[in-house]
Each structure stands twice: as C-alpha cells, then as structure tokens.
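Each structure below is given as structure tokens.
What follows is subunit A paired twice: with subunit B in the first complex and subunit C in the second.
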Partner chain A sequence: MTTDKPIELYLYVAGGLPNSLRALANVRAYCKGAPPGRFRLTVCDVLEDPERALADSILLTPQLVAIDGTDRHVLVGDMTDLSVLRRVLMVDGAEFNGQ
Partner chain B sequence: MGNDDSAPADKALELARLVATLHETHERIQALAGDTVDTVLHQSGKTYLLPKAQADLRQSESYLRRFSTERAAILDSLPAHIAMLDADGTILTVNHGWKRFAEEHDYAGDDNTIGQNYLTVCQTATGPEADDARLAAEGIRAVLDGTRETFALQYPCHSPTEKQWFTMAVTPVVEEDRRRAVVMHFDITRRVLADERARELQTRLERIIDHANVGILVERDGRPLLANPELARMLGYPSADAVMALDTSLLLFAEDERDRLAGFGAARLAGRQAPGAYRVRGRRQSGVEIMLEARAFIVRWGDSDAICTMVHDITEQLENEEKIRQSQKLQAIGQLTGGIAHDFNNLLTVVMGNAEILEDMTDADLRVRKIGQITRRAAENGAELTRRLLAFARKQPLDPRPTDINLLITGMDTLLRRTLGAPIAIEFVRATGLWPALIDPSQLENAVLNICLNARDAMPEGGKLTLELANVHLDRSYADWNDDVEPGHYVLIAISDNGLGIPEDLISRVIEPFFTTKKTGEGTGLGLSMVYGFVKQSGGHLKLYSEPGHGTTVKIYLPRAPLDGSTMTPDQTGDQASQGTETILVVEDDDAVRQYVTTQLETLGYRAISASNGADALALLKSGVAADMLFTDIVLPGGMNGRQLADAAHAIQPDLPVLFTSGYTENAVIHHGRLDPGVELLNKPYRRQELARKVRKVLDRA
Partner chain C sequence: MKAHTGISGFDAMTGGGLPVGRTTLIEGGPGSGKTVFALQSLVNGAVGQGEPGIFVAFEESAPQLVANAESFGWALPSIGADRLFLIDAQPDPNLIPSGSFDFGGLLAALGAKADAMGARRIVFDAIDIVLALMNDPASIRREMYRLHNWLLKRDMTAMITSKQTEDAMPASALPPLDFLQFMVDCSVRLSHDIVDGVSQRAIRVRKYRGSGFEPNPTPIVIGSNGIDVAYTDPTAPRRAPVSAERIQSGVPGLDTMLGGGYFRGASVLITGAPGTAKTTLCGAFAEAACRRGENTLFVSFDSDVQEIIRNLVSVGIDLKSPVDAGLLRLETMRALEGNAETHLMRIRTIAEMHDAQCIVIDPLSALSKSGNRGAAPSVAERLIDWSKARGLTVLCSSLLAEDDLITAGTPLQISTIADTWINLSYLVTAGERNRALSIIKSRGTEHSNQVRELVLSANGLSLTDVYTADGAVLMGTQRWKRERDDTLALKARRAAADHEERRLEAESAELMAQIEQLRSRHASTEAERAALKAREADQRHEEDQTQMGMRRQRGGEPGPQNAPLAPGGGHDDR
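On to the complex of A and B.
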C-alpha cells in the first residue's frame, strides 16, 4: 500500500545499551534503503524522557512503533530481522530493498 | 529496609521469595519479548535493565575498554602528533606524541591540551610560524565545514637549537550528522634535510660539470643524455644544448672512428671488456678533426646504465711534444757532429798544412805541387763542411757585436742580385729606428745568403724575394709556446719567397743537418741547419712558415744589442803573411798537429818549443825557458785546459801573450757565444797564412 503521507516510525531506546544501539542502527539502515519520504523516524530515549514513553504506553526497549494512517504496529527487540516490519506494513519488496 | 522491624529470619525468607519472583518475572518477560530487549519500563518512570542486556552491556563495556586501550596504544606508537577535533575545533582527544610535543614547545601552556580550541590556538599563534598557523586554521575549518575533503600543509618549525619541518594532514571523521576531524602532524625533518642535501649536491655537481675543463658526455646507444659547456667549446658547438640536440653523439667523432666507438659502448653496456682510456679523433662542428684523450665508464642513469666519456683535447699537447722531440733530436745531432768535427779539424790541420808545404816546394816538379794544391783544396772543402757542422752544433766561435742590420742588408744588395739572378726580383723593406742587433755580422751575412739561395732554389721559374726588417717584442706567451725562446726585444729579418713552399710533413725536418730535397750533389743539406744553429747560438730564434704552392717565409729573430756600445760593421784586415824570430811555446796534445805547427812556425823563422799538456808546459816555463808567446790548444788532456794553463803561465810570466786554438770551443774562452776581451783564437783547421798573421798580430800587440 502506498500513501502520500510518510509512515511515522517511533523508536524507543534505552541510552547506549547494546540492543538499543543495534536497533537504532538497523532501523536507520532500513529507512535509508527506502524511497525518500517513505518513513519519518523519531528516536526516543526512555532514560532521558520516561514520561513520553509512559504516555505512549511503552513497556520495553528497544521498541518500534509504526503508525501508518490509523494502523499501529509494534515491534520489539534489536530489529535484526526487519522483514517482519515489511510484512506488517505490507510494503512490497519489489518497491524497495529496505532491510 | 533498615527501618523494617520484622524479624531477620522473616526478612530473609521474604527476600528469597521476591528474588525468586524477580527471576521468574525476568524469565517470563524474556519469553514474551524475546532476548533482544534491554529494559522494561514501570509506570513510575523507572526502567529495569534485563539480565541479558546487563551481560551484553558488561561485555560491550569490556570490548570498549579493550578497544580504546588498543587504539590508544596504536595512536601513541605512531610517529606523529594526532588529535581528534570536534566540529568547532575543540580538541577531543590527543595521542602521546601530541601531548609530548605540546609540553616540549609549551604550546598549549598547560600539559592538558584537551578541551582547548585548536583553531583558536592556530589563529592566535605568534612568531615566525604565525602565517603557516593561520593557513592551518583555515584548512582545518574547511575540512570541518565539509568545503574541503582533506587538507595538507608543509611548514617549518625552527627553534634556536634545531631546525624542524612538519607536514600537517587533516582528514574528516563523518558520523551521521556530526563532522569531526583528525589532525596529524608528521615530523618530516629528515626527509626535508635529505631533499635539501640532494638538491645541494645536485647544484654543486652541476656547477662542477659546467665549469670543468674536461669535456663530459653521457650517452646511451648514442643518444646524448648530458653534455657540458667544455665539450661544446672543444668541439666547436655554440652550446651544450646544441650537442644535446644531436641525433647521435657519434657525430662528435671522426667518421672512421665511429664503428670502433660504437663497439666499445656496446661491449661496455653488455658487461664485456672495453678500453677505459683511449685516444680518439674528435670532429668539430666545422669538420676539423682534433685529437682527444678519452676516459669512459658506466654510470647509472635513470633506470638503466649509460656511458660517460670524459675527453681532453690533446691536439696542441701532441704538437708541442713533437716540437720538443724535434728540438731534442737536433740537440743530439749537434752534440754528435760537434764531437766529430773536433777530431776532424785536427786531421784537416795536418792535411792542409802538409799540402801547403808540398805546394810551396819550389824545387819539386809541377805534378807534386799540383797534388799539393788538389789536396789543400779538398782539405779546405772539408774545413768548410766542418765549420758548417759546428755552426749547426752551436759550437763555432762567434764574435757578436752591436750591428746595424739595415746597413748590413743594404751592403748585401749587390751580392744578392748577382747571386740570385735576373728572374728574381728583390724587395727590401727597411725599418726606421731599427734597433742594433747583437750578432756576429759576417756569420749573419752567411746565414742571410744561405736562406736567399734556398729561396732561389724554391723559385726555379723566377719570382719575388722580400727581405723585411722590423723591431719586434716576443712576449711571455709566445715564449711559452715556442721551445727555447726567451721573451724580449728582437730585430726581425723576414725573408719571404713566392716559390714552391715546403710540404707540412717536411717543415719540421728542414733544419736537420743533411736533410735536403735537392738532388744528390746539388746541396749539402747543411744550409738551413747551419743558420738555425748560428741563430740559436746567438740567442736568437728562427721560425719557418710555409704554404705549399705559395711560398715560404723564414723569420730570424736577432737579440737586440744593449743600448751602450757603438755599432760596428765587419772590419777588413790585411792579407799579408808575417814572419818573426821570437820563441813560441806550442802546447798541443795531438802529436801530428804539434809536429806540423812546430814545423810551420820554424819555416816562418820562429823558434818553437813544444809540450803535449799543461803540466809539461808549466814545467818548461818554470825551468827558465824564455818564451815570447804561448800558443795552446784549448782542449788539453791531464785536467788542465788551455785557459787554465794561460792563467798559470801568467802567474810565472805576467805579460806573456797567449794565442788559443781549437777544433771547437768549450766554454773555456767563449762565454755565451762571445770571445772574452783580449783573447785571440785561431780556429782549426787553419792555413799557414792565417797562422802567420795571427801569431804576428798577437806578438805585435804585446
């Protein structure tokens, strides 16, 4: 599915913890591989801004929340396998080669 | 916990229960969220680190520690001063080299440069490096801004005790939206000094090559790689570049030498034997060939071998060597002929004297007197020949006097016109203010006549003979280039003909005695050699110029007479035989000559007593023999020569007149070609009339 509005990605991480760093790197790489303007990424460090995380009902880090219009998808972990993301967002592999 | 008043055992139980719950909770969270979760958030805002993440964190912290230790070790061991700058130029981290340099140079003031802004440090630098420091700041700024990818700057950094050079290299470190830079300073002092030294060596070497007085050529397969100015000069090219422009350096050598030289070069480059030093004929740009002495060797040139040849022009040297050889040869011939002439004159004295006796015998028949006449004439011819040999050997007694050459040559006018004949026009070019020459005038007349006769023979169809007189000054450089010439003032007689000329290969030989181009019987070959000997003995100089087909010029340089002393011309003496009755002491070692002289003197009416050496003669004088005159040979055996004998005799009888005789003269009575004042000399062989006249003259003067 394609829309003109970008898919909002919210990545919640905990400082420089290993899985959080890996998740950040993986998501950034994934976004880079996508057509420009497809995603808008916001990174939120729960150690710095726990209120925001609580407001968004985040319980775990690293955690990625993707908001595509009214759909809200949640992924937990270091995002090593982002094929999951592609699947949940139903982004066609033929459209871009994002990891 | 400390305020809880529960019993310790209950607390422990509860704690254990809670830990178990915590563990189960962790396990359950992990089971639910997967094992790549770091933290869980509690609604209080607290985050809890999960055990797996804790382990990961510990491990990554240990990695990080190891990594940073290793990185520090590597950076510290690098021979460079390295710093990481933040985007604004703040020094984030430095290596050991940077720290040490900063300390040593008191750059940052403090031992810790981290935290300072390096751009500010550079921009506010003072001293001789300020300009370079500002350039560095601009470069770093550009790299940090991203307007330049990298930046490098080489700069000097000299202290009063040490000269140093550095290269600064700036490379960017790009991380996401952050741009930092690594600044490195390398000490390149050794490289700069080595470069400087290499440049200086090169300049020095180039200067030496440019000013060397040896021609230098470097070539490979004939292609010129280097030529110096001397090579160009030697071979008549306008510049070294003109030599470099040649297609092949073989053009610098004579055509028939090129195969040989190419062979040498090929052999040398192939590692085979080739002569390292050799003579080769060079070819000037004009085509004229010169003789070169060459030294060749291999030099590394670029990435392969080339041949360096150094050459000297030895053309002039060879010519000079030839001149010296020629002059040595003439000297040797002179010594030989002089020795022979001496003994020969003794023989001729006897032959001539006895022939005269035969001739004068009025009671003998006509045939005997005729034989006497023929013998005397032959002996006279022999005497003339010997005289010429002595002249060549520079051993004839000369009587040099200040002589007016203008007058002398003018006086020869009639003689020359008669001798040379009508088809030859004679032109005199006299000089005004001509210096007097110190020369034996009668011998000079002989010499001039001789040269004129040669000129006549060179002009069988007739021609023009020019006699030219001039004052000349031969300077030091002329003297240096001509063997046996003293610089100074000379009177020049130049005798030129427009005849056949002398071929180049013969010109150095024409003054050798007995060398003649005339047919056997037409000439003795002694004419020019006699003139040469005479001129040399007189302290003059003789030079021949000839161009085959155009003519020959003989230049005679006569020494200028000292200003004092009156100029004289040859005096004529009477020809009458004289007689007397005085007692004459004859000293002569040759028995035949002594016997002849004694007889002759007796026939002239004198009383003759004789001795064969100086000691015997002195003994006679001491014994009281009353002698009116001493007649002695100059060359005597027994360690006392005629001169010494005369001195000893004067000690006994102070006013005893002395007449010397000799076949040739040693230095006893002739000094520098001149008879000592008051000394009378009778040359062997002599005729009876000459003996009679000379004896009378000496006796009468006493």
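On to the complex of A and C.
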C-alpha cells in the first residue's frame, strides 16, 4: 500500500481536555516516527470551531479520521495504544524509525 | 416551575410537567415510546411554549426521526431549525475505539448551537448507545457527570432516554447506567407488556425531586397524535356544570317512565341478554339526538355500520338521513384490534373531531374481551369521567350473559357509576318470549318502578303498560287476550247502561203525561166548583126575596133581614 500521496489525518480535539491532549501527543509522535511525507496531519479544536464539529458529525473527542485514497477510517480515543492505529492504517512497523 | 410536556395526562401526573432546568431520565424497553415521549415534549416546547429545543439522536438518523415525527402529525421541517434542531449523533458504524474519549466535542458543539438558537430544552436520545462504546465504567461515570454538570450550568430542561436499566437486563449488563437514576431529578419509566395477547402500555414516575407526583403506573396509548397518558387529576374541578335539562330517549313511553327523559350529561347504561333490543334502544337515542340537531357519535363494536342502519330501518329508526346530513357519525371498532386504552383514545379523538354532544357505545362490554379484563373497568370509568367533564351524554349498552344482575350486572363495574341503569330482559310465559324493560336506577329523577313491555314494530319502539294481574305480569298474547276481554266487558256494560237510561227516560215521559192529565182534571174540577158556588149564591138571594115578599103580604113589619126567627119570640143580642 505505497502511494505517492500522503495519508490525510484529521485529528479533532476538545481544547485542553486530558484525552485530547494525550491523543494529540500520541498522534504527533506516531507521525514523527513515520517516513517524511507519509502522513499529513490537520488538527481541529472543536472548542474553537464548534460549527465544524457539527458539520463533520464529530461529537466524541478525540477523534481521528484517516483518509487513504478511497479508504476512510475513523478512530476514537486518546490513541494510547498505537498498535490499533498501526493496524488500521496497515503501515508496517519496519517503515518506522522509532517505535 | 414545570416545563409542560404537552402530554396532558403526564403534566397532570406531575403537577405540570418536567422539572425546569433539570434533567429527567426516561427509560424503558425497546419500543416503549421513549423517543416519542421526548420528541413530543420537545415539539410542544418549541411550538407551544416558545422554548427552542435540540434533539441529539444517537440511535436514529435525522431523516428517520423526521419521518417518525411525521406519522404523529409533527412536521419538524416546518417548525424550523431555529426552533427545533436535530443532531444526527449516531456513532459511525466503522468507528474504531482506540482508547479513552469524552463528550468534550459534543458539548462544545451543542453549546455553540444552544447559544445561537437560545435553546431551553434538549433531548439526548438513546444515550446507552454511546455509553456502550466506553467499555470502562469509570469513563461512563465521568462522562455522565460531565454531561450533567454542563446541563446544570446551562440551566436547560433536559431529557435523557435510555434502555431500561433493570428488570429486563441482567444486573451486570449496564451497571454504570444505574447511577443515572441517582443523578437526575426526575425519572420516568415506560413499559410495554403483552397481556393475553393484547399490548398494554404504561408510564410510571419513579422519582421527582421537590415535587409531588402520581406514583402508580398509568396506562398510555401511542396513537396518531403521539403519546396519550390516561390520567386525569382527580382533584381537578369538573368543567361542565351539572344540567337539569332532560333529553329524549327516543322512546316516548320511556321518557314518561323517567319523568321526562335522561338528564343531559348523564351516563346511561342499558344491560340485557342478546336480542333484548339493546342496539335498538341505542339507535332510537341516536336518532332522537340527531333530530334535535345534536352531533352524535355511535360506536359499534364488532357490528358493521351498514348492517346497523339496515337492521334499524325495520323498526322504524332512520339513521341514514342523519349520517348523510353529517350529524351522526357511525364507527365500527373491532374489540380485538388494539387494547381498551386504544379504543378509549379513538373514541375520544373521534368525538372531539365530530364535536359530539351525545355518544353511544354498543356494547361497551366488548372492551373487556380477552387481555383487557384488567384494564377495561378503569377505561370505562375514565370514559364516563371524560364525557361528564365535557357535559356529554353517554349511552352504553352492556351484554349480560345471564339474567342475573347480581353476578353479571356489573361486567365493567360501571353500573355503580352510571346515572341511569335500564335493564332489558325476556319474560317467558305461556310459550312466548317477550321483552321487558325496567329501570333499575335513575339518579335524580322520579322513575317508574313498573316493568313495561317493549314492543318493536315497523312504526318504532313503544312501551306498553303491562297487566299486573294476580301479582303476575302479563305480556304478549296473554296481555292481548286480557285486553280483548276487558274491551268486551266494557262494551257490555255500556250497552246495559244505555238501555237503562232509555227505560228511565220513557218512564219519566210517562209520568209527565200523567201530570198533565191530572192538571187538566184539576182545572175543570176547580171551574165546576166555582160555577156551583155562583149558582148557590143566586139561589139564596132568590129565596130571601121570596121570604120578604111573603112577610109583607102577611102584613108584618119588615123584620131584620136574615135574623133567624127566635123560637121564644124574644130576641137577646148578647
């Protein structure tokens, strides 16, 4: 599953709530470990943009929407266990420098 | 302060509705009407109370909800998103749980929306769906507190619906939801059970902080207008004033027996075995009501409308004309379709639509068919309560299996609350079966205590005085024979009297003739006597002249006239 196009990650967080802070840290760390250009992360704080949350039907936070070509994956939670994310995105661990 | 739900029975149970600015938990099994209850309250708040509301749907999509609401007559799109906002909050089916999450985003989005539209009410429908995604009780507890605090801070009247937290579910299945019970200020339980194959729904208020409430389960019906709670505040004043007006029963003789007819606004019960002409009496009443120009509803259980019209024509009752004129509404209901509550609600809805002043239910006992035996008496009682509150006159018939009034006379226990109770029965004598009518009771009216014979003919219904000879009531042929005998006796007596009169007349005439005869005889006798007297006077005068002449001839002095000759020659005048 190697394409030139990066996998789009949209992370919806609710300001400084602990779950959101943890998710942000975890996802950022995950992206950092990946080859450059593999992911493109966009963070949306629903406390600042609640209309966006309604429009995108994002009501549980933190929530991560990953768009890989035509595939769309939705994960909810603080991503403490990154293995779920890895499995979902089917990104082989070998590609990572870090974890 | 209560937030009216617009469900009048529920508002009556709780002294006004839901606690304002507080949270109410609505729980129940699948299909028990949780969503309908919440949506109805929200629609009423937005439309009737000027309180904009938000509906957060965790279980159904927005189009599904709109369609459901449509079936209850609530046109959500026309209310406007600024007054009623639907949020489709169904979790994405592909949602992958990956750690701990919260309602932070939801509440942020809701807060923005609530501020924008000035929402006063909010519904979280099927919260259990989203709580089920959190598989640790601590998270559930934390998020429920978060939600609760958010609601309190915003001072919104909230409803949270959830699947039942006990009874049907194993205690371990949803333990964290139990604490919802303790958190909320008001808790409502909806139930839906099947009793003998008939669905019975109920609502129960389990708790209501700071307010009195009706603690008993109360039947509900989910009908075409949403939820209807069968509860009326027993302390609420009856609206209709008690009327002294009499209205015709449609049977002239019966009006007389009742001292002028039924009271307007009364409840009348007609009991009787099959074939005792209960429906005919019902039809006569309906016809009379329509003739007075009163809108009338005739509910027939298990008998086709057209059949009733046809059958009643044979006894001179015309229901077709008032139906055509729009005065009479005939409705057939199948007793086995739906429960007693549903029927009551339909009757009330149709009666209100038709603006009926008189209601006929034939037979009311059909309500107590299978599965409804428990609910029917309360339904019958509430029907009468409801009609009394509106000043409607209700005539109910009730089938009696036997002619035993003590055991079978109160199949719905309405005989005690009915104002007038008329019983129809058969009297079998001399090989005949005749209908007898008697008034068992009639409150506030002088009424005949006599049993009358009810005679059906092509000209209509009539009541005939029965012969009570030798302590027995004579009917049918026996009565007819007795009537004929009496007529003959009367004729004979009259003839005899005429004869006697003529005889006396003749005798009197004869006596008068005799009197005339005597009078003329008397007159002639009188005349004869007068003639005699005159003759005698003439004669005496003549004799006197003669004597005086004789004395002068003899040379004597003329003596005193008429002096009798004294025998001694002297005359003493003393």
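Structural remarks
What we mean here is this: the second predicted complex is superposed on the first by the 96 of 99 C-alpha atoms of A that agree within 3 Å, B and C clash if a C-alpha of one lies under 4 Å from a C-alpha of the other, contacts with A are read in each partner's own complex, and residues count from 1 in each chain.
Just so it is clear, a residue touches a chain if its C-beta (ideal position, glycine included) is under 8 Å from a C-beta of that chain, and two chains touch if they have at least 3 such contacts.
Bear in mind that the values here come from a model prediction, so they are computed numbers and not experimental data.
Once chain A of one complex is fitted onto chain A of the other, the partner contacts of A:G69 are absent, as it touches neither subunit B nor subunit C.
In the superposition on chain A, A:L17 makes contact with both subunit B and subunit C. Touch criterion not met for A:G37: it reaches neither subunit B nor subunit C.
Applying the stated contact rule after C-alpha superposition, one finds that A:V84 touches subunit C and leaves subunit B untouched. Contacts of A:L54 after superposition: both subunit B and subunit C are touched. The partner of subunit A that touches more of its residues, comparing subunit B with subunit C, is C. Common to the subunit B and subunit C contact sets on subunit A are residues 13-14, 17, 19-20, 22-23, 46-47, 50-51, 53-54, 58-62, 76-78, 80.
For subunit A in complex with subunit B, the touching residues are 13-14, 17-20, 22-23, 46-47, 50-51, 53-54, 58-62, 76-78, 80. Taken in their complex, subunit B has these residues touching subunit A: 29, 33-34, 36-41, 43, 45-47, 49, 53, 56-57, 59-60.
Against subunit A, in their complex, subunit C makes its touches with residues 87-89, 91-92, 94-106, 108-109, 111-113, 130, 133.
Interface residues of subunit A, counted against subunit C in their complex, comprise 12-15, 17, 19-20, 22-23, 46-47, 50-51, 53-54, 57-64, 72-81, 84-85, 88.
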